[in-house]
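There are two complexes below, and they share chain A, which is joined by chain B in the first and by chain C in the second.
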Partner chain A sequence: MFSRIALIAGLVVMALPAVATGIDDAVTDFTLDNGMQVVVIEDHRAPVVQQMVWYKAGSADEPRGASGIAHFLEHLMFKGTDTMAPGELSATVAANGGQDNAFTTYDYTAYYQRVAADRLELMMKMEADRMVNLRLTEKDIETERNVVLEERNQRTENNPRALFREQMNAVQYYNHRYGVPVIGWKHEVEALDLDDALSFYRTYYAPNDAILVVSGDVDPQEVRALAEKYYGAIPANPDLPERVRAQEPPQRAARRLVFRDPRVAQPYVSRSYLAPERDPGAQEKAAALYLLSELLGGGSTSYLTDRLQFRDKLAVYTGAFYSGTSLDDTTFDFVIVPREGVSLQEAEAALDKALADFMREGVDQEMLDRIKLQLRAARIYALDNVDGIASRYGRALSIGLTVEDVKAWPEILQSVTAEQIMAAAREVLRPEVSVTGWLMRDGEMTQ
Partner chain B sequence: MKTLAAIAIAWILAAVPALAEVKIQEVISPKGIRAWLVEEHSIPFTALEIRFKGGTSLDAPGKRGAVNLMSALLEEGAGDMDAQGFARAVESLAASFSFGAGDDTVSVSARFLSENRDQAVALLRTALLEPRFDQEAIDRVRAQVISGLKSDAKDPNAIAGEAFAKMAYGDHPYGSKGEGTIESVSALTRDDILAAHRGVFARDRLFVGAVGDITPEELGALLDRLLADLPETGAPMPPKANVTIEGGVTVIPFDTPQSVALFGQPGMDRHDPDFFAAYVMNQILGGGSFEGRLMKEVREKRGLTYGVYSYLVPKDLAAVYMGQVSSANDRIAQAIEVIRAEWRRMAEEGVTEKELQDAKTYLTGAYPLRFDGNSRIASILVGMQLDDLPIDYVNTRNDRINAVTLEEVNRVARELLQPDKLHFVVVGRPVGLETSGPD
Partner chain C sequence: MFSRIALIAGLVVMALPAVATGIDDAVTDFTLDNGMQVVVIEDHRAPVVQQMVWYKAGSADEPRGASGIAHFLEHLMFKGTDTMAPGELSATVAANGGQDNAFTTYDYTAYYQRVAADRLELMMKMEADRMVNLRLTEKDIETERNVVLEERNQRTENNPRALFREQMNAVQYYNHRYGVPVIGWKHEVEALDLDDALSFYRTYYAPNDAILVVSGDVDPQEVRALAEKYYGAIPANPDLPERVRAQEPPQRAARRLVFRDPRVAQPYVSRSYLAPERDPGAQEKAAALYLLSELLGGGSTSYLTDRLQFRDKLAVYTGAFYSGTSLDDTTFDFVIVPREGVSLQEAEAALDKALADFMREGVDQEMLDRIKLQLRAARIYALDNVDGIASRYGRALSIGLTVEDVKAWPEILQSVTAEQIMAAAREVLRPEVSVTGWLMRDGEMTQ
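Take a look at the complex of A and B:
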């Protein structure tokens, strides 16, 4: 079996890159005179288009005390403008057989519509309209704030795992706004008002703070003409603040927390470490950390799974996570869910022992080769999901990476060596700067 | 505003969006296995979706959870490979296989590159035909299933779902979770898993959809290699379920800030001649977009929830019409009152011509958006076969939607909607709500 697999793997390694370069040819990018970046990704297999507008403004850009305003504004953007009644934008998208929605994260807020390709102009007209012409009433604020509070109830208050994650982030970030939840602290959301919304809107919603990503059955020249007509007519905001946030100080002590909730059915240990993110022209360390997360927790053959689920039979689930697409310092995370009869103390000790052993043993080259092979194949599978590629560009550009950075990323991943991965691991996974959380049932003893 | 509306209407009249060219071929393999295929040679991979009718409802009495556990174990060792040997083999081909167990089907979803298609199919074949079901793997995966069941027992959505199913379907398999109970899963033996495997995987219940870089001839040969050696017949299909839903409220006390409500009443069979009219009616009442009446009334006007939806659930063995909403404990009673009122208003007054037109434009326009990737299309192909739809359905579906008349929608609203039979299962500490209605 092994020899056959090895042979196959060899063939795949040789054949993949030639096909996988295809997607870059489908990407066109340019910048409008007012500073709005535009990326077009062509896929002519179906007469469908997706328009996304990404604002480089997320919850981490909010003023202190007004947490949740970025997300609240996202909801309010579906209210009216000078020329559209409240709800009319979505109604018009629906009446054209399309779908629309939006999402907010720490670093960006994005709006999108998917619709038949010949409706792109209408979508642009409406999206450009609400970039600057939003009209809000006190009634909009009151009703929609209740909707957001119910959203927080649904996502967070009703879910002890989400509450625990909030506490973990707050403990991980002492000074940076990544420590405050995207949806906002409940008491601050309850106090958000019209002025908060309009102030955030006027500060950040402008073409020089936005990225247009159009994907699907479109011609880049036509997209450019439409973008110039609708978005190009909007003046840049000369007072757009520079995107500088309060940064984390160096962490000098390990931090711990225990979160108890009677609704917890399955206790687990969560661990995070502050980690560097992808930076323009400097993505190598982030690539090494991504591969490290795959090696440690990327699937049933990964180091932690092999060790803790298969060999020692201490866990029902283990995972390692790293996402480098972030404007400021991100985190490298672990979770271990112990089996029945295994305490959190034992689970945490097993995780630490496994990590220490990994540091000593180093990278399994065969495993690294398999991961790289799958990443190459993923580029082929990705061609089937042009909207996924569009999101990748939108995310990356909204945290300051360039189109060139996005195009270079797959090759950087392929070029990372085992030595670079271990160097990144030694730099980031230091026990003295960890944050460890235990999620427990109410009344459960810590020992 | 007037200008914009005029533009929008003109566009609608100008062109209902053309459906992507989805050319579905029927392929019969040399050994007689039938599949639907869409050739798509521009990307060098194939998505394959296989479903076996029966699903977790095939669980033998007292063996609830066996089909689910069996399905989860298919990737945990096969042929001469243990669980991780199998996983390494899949990774080395950069293929992906996933196995799922639902109420009505067990699904096998596969994706593999053209350049190693034969090896990937051979590997998938070992998982389907030669799973090892090692005791070590059974115990490991069983622990994961039980962990999930424990979490469900403290999850308001799962609690509501389980209670509603029990009420609606009673002792039928639909009336309990396909994952089983902690007790039933703990008691499952390797023999039970083997029996579930024999019961599920047979040629008399097999449906296949394929999309990608593969010709009909290649697919025929692939089907024979992969599936021809399955036994002809499996376990007998379970009987139809009797749906018993009486109007009222069931409150399940649970300490959490937001109450979760599932609601429902008897539904409509997928093959009912009125199904399209019911589907359009539901789009107007509680369909997923912001334009549904429930969303407008409960969320947009009153801010009582983040989301409220209704949906027809035509399963193979029973049909219900359901919905869901979540609101803070002190607001859920009001949300339920508004939903009841909308249910009644729809039954009594029906819809307007404009609502019907808007729903049709949305549904016909949104349909082509579903065909957005090989795996999605492969699923659609299998779903069509399971629903007994003709192979040209994709090209006629929008005509059927457009053919629905106002009179039909309003008659179906009157006949289908039974405000007095609408039952709400509420999990939380709802203020001003008590269990009521027939036991």
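Take a look at the complex of A and C:
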């Protein structure tokens, strides 16, 4: 949450072409007969390849009461199959000098390996194998559940900021599963069993629910031949459920919460607003919101930073965040960390005053132009990281966007006007859809 | 919510036996071979009978995204069967000079008819018929969905207090379905279809998920014979799901919300705390919480009323509410309606000050004795209302309590000590599990 400032601050503003080109030409996509989507991104600068398989199933697709099963299954996917011993896939990757891992989010679960380019076939063989042939024992469940619970202990229970974030999300969403943590509620993770894991696996792990993204030193035709050989042999799941989730009812009440914890080192104010996401063929509003987040709190020259850190010296950190890459309504977030001696009440009042002033003053066109320039620059730098591009495609396709949407996104960002940004701000920054949280030390007064 | 004060204020305090007796002897219970529970309450003072069938399925048992289906099905149950025309059951009841209706809550759905005692067999025949032979058409769905949506318009959309309550509940529960309104979110009700209705019906409407409560001028043996004849002929549903719901994770953050509506005539402060419910064989804590609610805000002599209405003249109404009759964790609630010129901020501060003082001072033994006396008195008055007793049994059995638990409840209430009440208060009245809501007029300032 606190890292973007370093990222943007490091950029040097310079003259750049309107839109970085080239990489889109290196992107090929097709669909196998069984419904599996494939994206190939060529990059011949080094003899390495990355394979990613993205399943369009994340924690928000879990059955009620079984939170954490998507992430738990991600762990279990490193157990054995009929022909692979437990841990063999990762061991093989490592023995070949590569790296592999996996991650789970609300909307998708992804597995990847990065290896020498001539090992791609082996990786496909193994990844396709565990898509359908996973073999789990009661012992696997017991062992890995403890691993996951320990992960939750480390990441959440021992981290007041993470606990605070969980409570914020739970209050933000009335009906949607984004209100439940990806790693799962502890009491539900403790009860996850083999049936839960197999049921989720059999429902969602199928080629017609997966996206293969191969990037690096590869030829699209060869990737297609290999994909057809290994993934194409797996039948589609005819019972794949339609991806329809419980949506939010109208949110009509400004909400607040106070989270206290003796381990809090630095109290701060968090504010989130329910916000629309990027939709296929309709990404303009999300683009406006993204630029709004950059204008308000995207870096050292942003509106909030300028006001609260430099001018009024009330805050040591300010940030605004929006990522529209989700299947359903997401959030637009602010964080204000007050300077020593400034209360959370004062920090929040300063945030609200600044937002009200911004709404009245409107967008500073010069700042918007600078941000657009930075985005063009960032895009060129991003070309150095083909794995990052691969992730961008995988993530976008996992939430139903198309390759065309991904390709169009940079141009859409460049074409957003100040008026569109203000319209999006007026739509989203409404008290009724907001949650304000105070992270405090135990015993600290709220006034 | 505002009616209890009138109820209790009307009671005359007088000498009464420790526990009203007699009615429990009139209660017979047994279970049919197919698992249907039956309770018979004899009352021969008038030649009338009430039949109630309670299904252990309410809105909190609904599938995700299909909120309102329990209540929608309740409406649809008045359509036809193979042998009954739509509306025939109610028409038959009316033609016989009786009354019938139904109601849906989070935990159960109940149907009842009140008729002359000699019509019981006819009622059973018809009620048993619609338990399994309901016939629904697409037209029924369309018509009745509009009726239900209009009901939601009337009861909720046009009622700021109801909308406020919905938002409070949604914030109170992070994970449990009690956070979703019984009538359903409007956008989900609009999408309910025939499949949703039939699926819920076939899953839950079965004798092994139902409780028959017959009260009035009946003989238990005759009721048993009739019940066996009509309900006993229906096979149990072998696939009845276990009644396990998603439970709350630890609630760790005091929450607040502000709900604004131009239609608000009287702003007020609402405060709720997550609280345990009555459990089979373990009702003591719930009894302590019930007495706590009576002590704090149960009537004109209660602690909050005395302080905020009479002494400090800050409020025109104060109330404390707790009903532990639910399957899962419920809420302990306060309402403070400030006097003209007193802000919600002042009203809330006065509530918190009063609660803090109460926690320090402890229970006034004399007040507790008076409340227990009133409960004994109310119990005697309640004997006049055998239908009320029938409802009490149906409600309790629907959430898994036993006939013994219902019989024991009055004695448990009488035996609760001041220490138990204070222990329950300390356990429940914690900021981390609370939601504070302000219902305000549009444009009114929060400070």
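The rule is simple: the second predicted complex is superposed on the first by the 428 of 447 C-alpha atoms of A that agree within 3 Å, B and C clash if a C-alpha of one lies under 4 Å from a C-alpha of the other, contacts with A are read in each partner's own complex, and residues count from 1 in each chain.
Note that in this section a residue touches a chain if its C-beta (ideal position, glycine included) is under 8 Å from a C-beta of that chain, and two chains touch if they have at least 3 such contacts.
These numbers were taken from a predicted model, which means no experiment stands behind them.
Contact with chain C, but none with chain B, is seen for A:A253 once the two complexes are overlaid on the shared chain. By the document's definition of touching, neither partner reaches A:R224: not chain B, not chain C. Within the superposed three-chain arrangement, the count of touched residues of chain A is higher for B, of the candidates chain B and chain C. By the touch criterion defined above, A:V180 reaches chain C but does not reach chain B. Of the two partner chains placed by superposition, A:K407 touches none, neither chain B nor chain C. By the touch criterion defined above, A:N146 reaches chain B but does not reach chain C. Using the contact criterion defined above for the overlaid structures, shared-chain residue A:V316 touches chain B, although it does not reach chain C. In the superposition on chain A, no contact is made by A:R135 with either chain B or chain C.
Residue contacts after overlaying the shared chain place A:V171 against chain C, while chain B stays out of touching range.
Contact with neither chain B nor chain C is seen for A:R392 once the two complexes are overlaid on the shared chain. Interface of chain A with chain B (complex): residues 1, 4-6, 8-9, 11-12, 15, 19, 45-48, 78, 83-85, 87-88, 90-92, 94-99, 114-119, 122, 125-126, 142-151, 153-154, 157-158, 262-266, 299-301, 306, 309-310, 313, 316-317, 337, 339-340, 370-371, 373-374, 376-378, 380-381, 383-385, 387.
Contact residues on chain B toward chain A in their complex (touch as defined above): 1, 3-4, 7-8, 11-12, 15-18, 20, 40, 42-45, 80-81, 83-85, 87-89, 91-94, 111, 113, 115-116, 119, 140, 143-144, 146-147, 150-156, 255-258, 260, 289-291, 299-307, 326-328, 331, 358, 361-369, 371-375. By the touch rule above, chain C contacts chain A in their complex via residues 64-65, 67, 163-164, 166-168, 170-171, 174-175, 179-180, 185-188, 244-247, 249, 251-260, 431-432, 437.
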